[in-house]
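Let me give you the structure first, and then I'll get to my questions.
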Amino acid sequence: MAHDKAPIVKRLRTIEGHVRGVERMVDEDAYCIDILMQIDAVQKALDHVSRLVLDGHLHGCVTTAIRSDDAAERERVIGELMHVMHERRK
Amino acid sequence: MAHDKAPIVKRLRTIEGHVRGVERMVDEDAYCIDILMQIDAVQKALDHVSRLVLDGHLHGCVTTAIRSDDAAERERVIGELMHVMHERRK
Amino acid sequence: MAHDKAPIVKRLRTIEGHVRGVERMVDEDAYCIDILMQIDAVQKALDHVSRLVLDGHLHGCVTTAIRSDDAAERERVIGELMHVMHERRK
Amino acid sequence: MAHDKAPIVKRLRTIEGHVRGVERMVDEDAYCIDILMQIDAVQKALDHVSRLVLDGHLHGCVTTAIRSDDAAERERVIGELMHVMHERRK
């Protein structure tokens, strides 16, 4: 990855704690709407992590592959990118 | 909530472990695309939990409120539902 | 539907014109990113229409069904709602 | 765009007709759930068009920019890509 991984790991650790908080809310019979809003917040935090990883990928592997003279490798990296963006949030 | 909370808590615990697995992947420099696909799997698992909570909410609070004679309460519950569905993963 | 349909039809007509505009952009070789941003604007406009229709549905059919004494009909309406919200933009 | 635009224009024309069909459904008081499902089908068709445009963009402009020696241009193209993917479906 082109980017520093420490802030990504840190964000994921926070998300882990957030999920634990949602477990507690369910366990303590919190109001459904509040639970749904917390799950939504977790999903937005995960979207943010995805963006960081994708940005690192574009600056790293994708840039290297596209700048190479290996046409098949260029095609592979673009195909993979299309796949992951298509799958996302489906 | 109209539904049993045990399976929901169990799913959230699994998701927590899944997030921990993604942390490990980032830490061990796994391939970006594999990380993105695991984050996507976590998002889908969270979508599933949201659906369970929403289903319980519709069968519980929403049904009770709509069957009541309190028009303001009916309006409140529908407004809240619209809000949560609109906000979702935005 | 519980709501007035005229504004919904009007919004859809605007969306139709917007789609025609995107066709023109593609035909005139507009920049891909600009095309993607216009498609995204159309998607958001469609989301808005969905919300209006859903709001009408909750105030109309769903409220009537849930207030009825027909438990099977109540179940049917909630199941349909869950289905449509789950399917949405998947 | 790296790709042929004819099939994209054709798809958009079909989508335009589909939107017109939804207008008719609303006008003729079709069942809300059926309307919502048709709007959802239109959105999936637009997603498909977005993918085609994005794929052309990656093979065309993005590949050219990344293979160039202009670091600022490379950065610009990646930033634009991140922006459009982040905005999408928000």
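Should a chain be cited, it is by its letter among A, B, C and D, assigned in written order, with residues numbered from 1 in that chain.
Note that contacts are C-beta pairs under 8 Å (C-beta built on N, C-alpha and C of every residue); 3 or more make two chains touch, one makes a residue touch a chain.
Here the structure is a predicted model, which means the values were calculated and not measured.
*Asks:* Where does the A-D interface recur among C-D, B-C or A-B, taking recurrence as more than half of the contact pairs being identical by residue number?
*Replies:* Looking at which residue pairs coincide with A-D, the repeat is B-C.
*Asks:* Is the C-beta contact count larger for C-D or for B-C?
*Replies:* Pair with the higher count of C-beta contacts: C-D.
*Asks:* Express in whole angstrom the distance between the two chain centres, defined as the mean CA positions of chain A and chain C.
*Replies:* One centre to the other, that is 28 Å.
*Asks:* Between chain C and chain D, what is the separation of their C-alpha centroids in Å?
*Replies:* 17
*Asks:* Distance between chain B and chain C based on Cα centroids, please, to the nearest Å.
*Replies:* 22
*Asks:* Can you list the chain B residues in contact with two or more other chains?
*Replies:* 54
*Asks:* Could you list, by residue number, the parts of chain C that touch chain D in their complex?
*Replies:* Chain C residues touching chain D: 1, 5, 8-9, 12-13, 15-16, 19-20, 22-23, 26-27, 29, 31-33, 35-37, 39-40, 42-43, 46-47, 49-50, 53-54, 56-57, 60-61, 80, 84, 87-89.
*Asks:* Along chain A, where are the residues that touch chain D in the complex?
*Replies:* 51, 54-55, 58-59, 62-63, 66-67, 74, 78, 81-82, 85-86, 89
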